[in-house]
């Protein structure tokens, strides 16, 4: 399909800025959900239960935000791309190691990944202020929740 | 972590066969869920609503089965790998095209992907009968549901 | 509609065996639900309340299994037939007498009908093992529940 | 059981009129539920999903009304007969063809069957006004819902 | 309070007829709920459990109808009287004996009381047809349910 | 669309009478819901909370009845008209004043509006008895509830 | 039934004391529930809504406690008597006037009735301490809730 | 009532700007809900079911936002006006044609109306940024949801 | 673990008395739950359904009380012992015979077991009054419920 | 307001004793809920998750008991005082340190605070036995739950 | 614990501004919840019920916002302080008088306290715009709800 | 009762094999539930909370499977024996030590017990394949869940 079937109330410029911010957020969030699931299955150690459960909450949050980001893109007429290959190639996350992983290593890895995703969001909040306050408002709500989770995971390190 | 922290009641041979069947199933199911979401966002056409909703049911099923496959692997002492890159490189699905997609094209693509995933499952049901009847029973339940969905999607083509 | 719009991953031979097993099961289950409803309305006697309520549980189970059997047939590309006339002519149940019926007679009639339906299922479980393990698994789950109900109804006779 | 165990506050004349109206309604409704299920399984075409789902709503309504009609018969001392053979022989519905059926054909068949059932109800509403206002009120509630469904199915033809 | 604070859209004649029908129904229903509770506590015998539970369903129905009857009276500007003394003096029920009561005696007593209450309702359905169709419709719904219960209790006698 | 796509089992005469009764009821109920919302927002005074909450219950009832009236019209093949302008021009309600309104004034206004709507319903209950008992039954159920609310609002005036 | 079918672990003396306390409580609570319903229907005035709703909460509490008192009597082998005439003759409540009643009068009447019921309970809490601590504990729980309601109703007088 | 009973923490200037934005939004949203209901009843065509259901979701959203807009107005001391005549005269929507309407025409009409309502919101988001960020935040949330619906309806046109 | 990790606010004397009362109660309740389950599976006879269901309610109550007794022991620093061997050796219940059991025999056995458990509780209520009113209150609540069940089971014998 | 608007069935002496016991309990419980929230926010360490969640359960319990204590005071005619300054000045808790706090320190602090609150309750249970058994019963239920929590928190120290 | 275990993505300057805004908000909200509870218990007068219930809604809102404010502080690495003494000394609320309080006085006091809390929020919304848009967004959502409540309480004064 | 009241569709040989497998499973599962409860009460240590909660999930699973095993035995005409003494004497579990137990010791003990129960199940899955596929299917479902729990408990050891 070569033509664009969904129109937008934004200018081309605004659409381009907001669209890029949303596509970048989308791949980060999908990867975050895959990383959290990977950790959910491979964690071992005394804190197994609490880490295992916390990770599923992170999965739920990531998936919900993924959908919200993608559907905001469609709402401004931009086709979102969340396919495996696109995620593998363009996400700005820190990734997750192979095989069984000790609980304390899992916690540190999640903190690092959350930090990376939040950093991207903070930047895009600045960029979208002018382009589209509706998109900005969505990114603020993502940052709000992920910064809360960042604290909760970090609090387990001390 | 180089040692294997989780022991299994299966022999090494059985563990190897069942573990491979589960890992192969895992990546297919993750990719199926990503494909279904991609289609969910990009579908356009008269049947938009029903296709859009059906796809979310497929996402839910795929995610549930993904978790079951991964946790069956851990239960027999095999570390599952569901990271983006692994999925992108090893899944046996048919993929999904770029950008906005017409509803009838979406339906055909989903039918093709379901067919491919079911074919893999059917093969592994045969392979695991000896190795581990518990794993086989799980794969049978996956096939049962995905064959039902295969019918429902195919029924929309005529 | 002369052509077959729904394809199957089974061979023609397998499809034929599994399809017949499912169609035979389907009519038995529909008739079982109609018999249970008939008894539900016509029972009289001291045990009225418990028999009346138990029969509705049997109706619910029969209807749920009916749907599962029919949709398994469609999943393997076989069109199911559950119309009144087909049921009246082909079901292997024992039927139910006319008019108001004493509670103890109802109990015996239900036990007989359950026994007949289970006997059919046991036979088809053997037949479908080779043809389609997914269909076999479904029939096993039907037998499991109906044998439980067979015990519960029989326990009221002593 | 030759005697009538359930007494009625109606006269024999009233009981006979109301009892016949309820028995005729009963078989029509059971057949309607079997037809709707048959269509639910065998429909194919672009509108598969919406037709498939609508049919299950029709099944639910038919079953609920079936029970209400049968239990109103018992309440006035008349034994209801809802067995497969009685339904096959005495229902005034239009039936449903064999095998896979195109969505538009399903819609037309359902409209025809609803029309036939409503026609029977309208006649019996007139007949029961004198005999038993309680029975009449029940038949009015059936007609009200089935005429609503008649509109909804017909609206899909245009 | 000597004046009537609630006005009615009915004529004085209509209000008087409908008001009397509702007040008579009200006391019958309150007494029915007290009788059912009394039986609920004092029943003994093999059928204890089913009779005990059935009686609570009768209590629930009676209380719900009591409220509906009273609030219909208020809706047409008639003050309802449901005080203990009024109930004790004016109800047309058959009452209930003192002390522990055998299950079969309970069943017969409930059937008798239901019959008496239904007889009153049938009479008032005739009387209110002209006076107020809204009140008549309410009384029809009471009769419908109580006749169903009359069957269910009677079915336990045989 | 010039032709009538929805057929009816009523005669043209009956359809015309019932259709008019339903259209008149429809606009009255929509306006009642808008008046109740307007009052909900603008009420001030000691009884603010109870009046504010009661009004939302009235809104809920009005909207539910609106939908039932409109869908009864469609069920008999009559296209309902509930657009703002039609409501503004044809409703038989008493309206509601501008700006902040004292609680006691709100109560009186609601009583007046309910009285007007009920008066219309009472008239149409008489008119539709012959034309369509199904429509009449619906209007009776509206009157029943609105007369109950009329009492409840009036009870607050004394 | 002349013999006592239910045995008790209490001595005859203890059974007699606890049994009387429970029977006295039973009739008070039934009458309280009838009084509260009577007030619920007949209240008029500015506070109509809050008084009307509060009264239904009192009905619910009274009915729940009634059942608990009666079933405690049965548990110690004493047949409870909650029939209309027994209530009318032996309750120690203050009663409720005839016809429509102003909200402030309702509040005062309820406060008086609650005070009378609580006074009876307080007395019986003292009496049952020796006879049966289980019965005493039940009466304490009744007093606790009714004293709370006594405050809430009294708080509306000031 | 000539005086203003509700005070605001905004300056007169701010209150005037935000108040106007909210009143304009209010009438647009009420009309949108009436238009969606009108379409809900009058739609005919193959897509009847999905369009009929989607419209009710739009009604729900519109009503929820209507209430939020009106109560934000009251929160800043401005009396909202949502009466039928005010809506009919001042709404900036595109309206909806008379009588039965084809599904594709309904979809286009809804897209046009959503576009018009969103355009108004976008303008007011700019205007209220300075005057009242709380009001602006509310309007952003409306735009976010309505732009999502705009995409979903538009996606059905292709 | 030789030391006592959980401290108590009771004196050693009080702790010893209350601890023994709770441990004795604990084993009785576990055995009661096992007996009830054994009866639940092995009952046969006309009353099968009601006895079968009642027994599961007894299981639920016994398990809930078991947990409460054990956790009250831990709360006062006493380690509870609910292992199979301890139960088999120290419970004061009457046990339950082997194999299929007639419904009337089941009822009598349950009445005997309840009587034995209640007798133990009554004794410990006396003993703990001084030692620990909190423990006593818990035992009173157990006796209250089990005496109610004792009545309900006994009522089925007559 | 100088006069006492709420009367009590207790003597002045009894009211004074029970009132003081409840006011002392009230401030302890409010402070316990504030301490638990403070710890909930400031805890860090490996056990973060379980401690964080446990603390919210303690908050819920404390708030529920606070309300029960205060409303028992009102029920006996005593005005409760739960304002911040009163709590800060009169609570007998052990307080909680400033800033981020290690999980093991949190656990010890909570155990100490629970111990202090329970000690107060135990004292008041003795004092209120004569004065008011209803109040005593409430304090016993508080002690029962808080002693259970005391065990659960202490069990984490070992 | 002297070091700061939780890091932040904000600069020191931003963290300081946002942290202060959140700490100030925190103590105001805790005090608001304590004031609302105090009023909830001590209110007397004709409007007792509605004021009593409204106050609990205010408590719920205040507690929810308290938690959100505190956890936003932790999310940016600032330790929140919500202890009783801190609240008593630093809150900017208007407080609440001692003892039983007339309903109209309660309403005025709540309006004053809400006004004071909103004033603080409005100031901090301005201050945090630059420092941290995520914190600002949270404060806007608090203001939105509290201004709504301010209207609802004020509406009761007129 | 010497005769066997429940008949089976299995041959005597099949019944004997399947019956023994189910009885052996039954006692293992009951003992597992008692062991898990014992551990639930006696665990102490840093991981108290997560171990305490996990154990209750194990209790729930064991009880559910116990019931399923026992009712499968009845379904094939074999009387199950789950009495305390039978469990104490015939279970193949590893047992659980006396008194308070450290969390790490609890984890190891549970892993050992799960391993023993799974080993028994694996053996019986082989044995019942021929005798009764319905029983085998049940045992496979038990093994599937218990192997998952085996992993989860083992994961906490590392």
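Worth pointing out:
In order of appearance the chains are A, B, C, D, E, F, G, H, I, J, K and L, and numbering begins at 1 in each one.
One rule holds in what follows: contacts are C-beta pairs under 8 Å (C-beta built on N, C-alpha and C of every residue); 3 or more make two chains touch, one makes a residue touch a chain.
Here's who's who by UniProt: A, B, C, D, E, F, G, H, I, J, K, L = DNA starvation/stationary phase protection protein.
From a predicted model like this one, the values you see are computed outputs, not experimental measurements.
Taking the definition of touch as given, a chain qualifies here only if it contacts chain C and chain F alike; those chains are D, E. The set of chains touching chain G and also touching chain J is given as I, K.
When the interfaces C-E and B-L are ranked by how many C-beta pairs touch across them, B-L comes first. Centroid to centroid, with C-alpha atoms defining each point, chain B and chain G lie 63 Å apart.
Chain centres here are Cα averages; for chain B and chain J they lie 53 Å apart.
We define each chain's centre as the mean of its Cα atoms; on that basis chain A and chain G are separated by 60 Å. Chain G and chain K have Cα centroids separated by 42 Å.
Counting partners per residue, chain B has 5-6, 44, 46, 50, 71, 74, 100, 102, 137, 155, 158 as the residues that reach two or more other chains. Under the touch rule stated earlier, the contacting chain pairs are A-B, A-H, A-J, A-K, A-L, B-C, B-D, B-H, B-L, C-D, C-E, C-I, C-L, D-E, D-F, D-H, E-F, E-G, E-I, F-G, F-H, F-K, G-I, G-J, G-K, H-K, I-J, I-L, J-K, J-L.
Listing the residues of chain L that touch chain A in their complex gives 46-47, 50, 53-54, 152, 155-156, 158. Within the complex, the chain I residues that touch chain C are 43-46, 48-50, 52, 100, 102. Those residues of chain D that touch chain E in the shared complex are 5-7, 9, 71-72, 74-77, 133-134, 137-138. For chain E in complex with chain G, the residues that touch the partner chain are 1, 4-6, 30-31, 34-35, 37-38, 41-42, 44, 66-67, 70-71, 73-74, 79-85, 87-88, 91, 95-96, 98-102.
For chain I in complex with chain G, the residues that touch the partner chain are 115, 118-119, 122, 125, 137, 140-141, 143-144, 147-148, 150-151, 154-155, 157-158.
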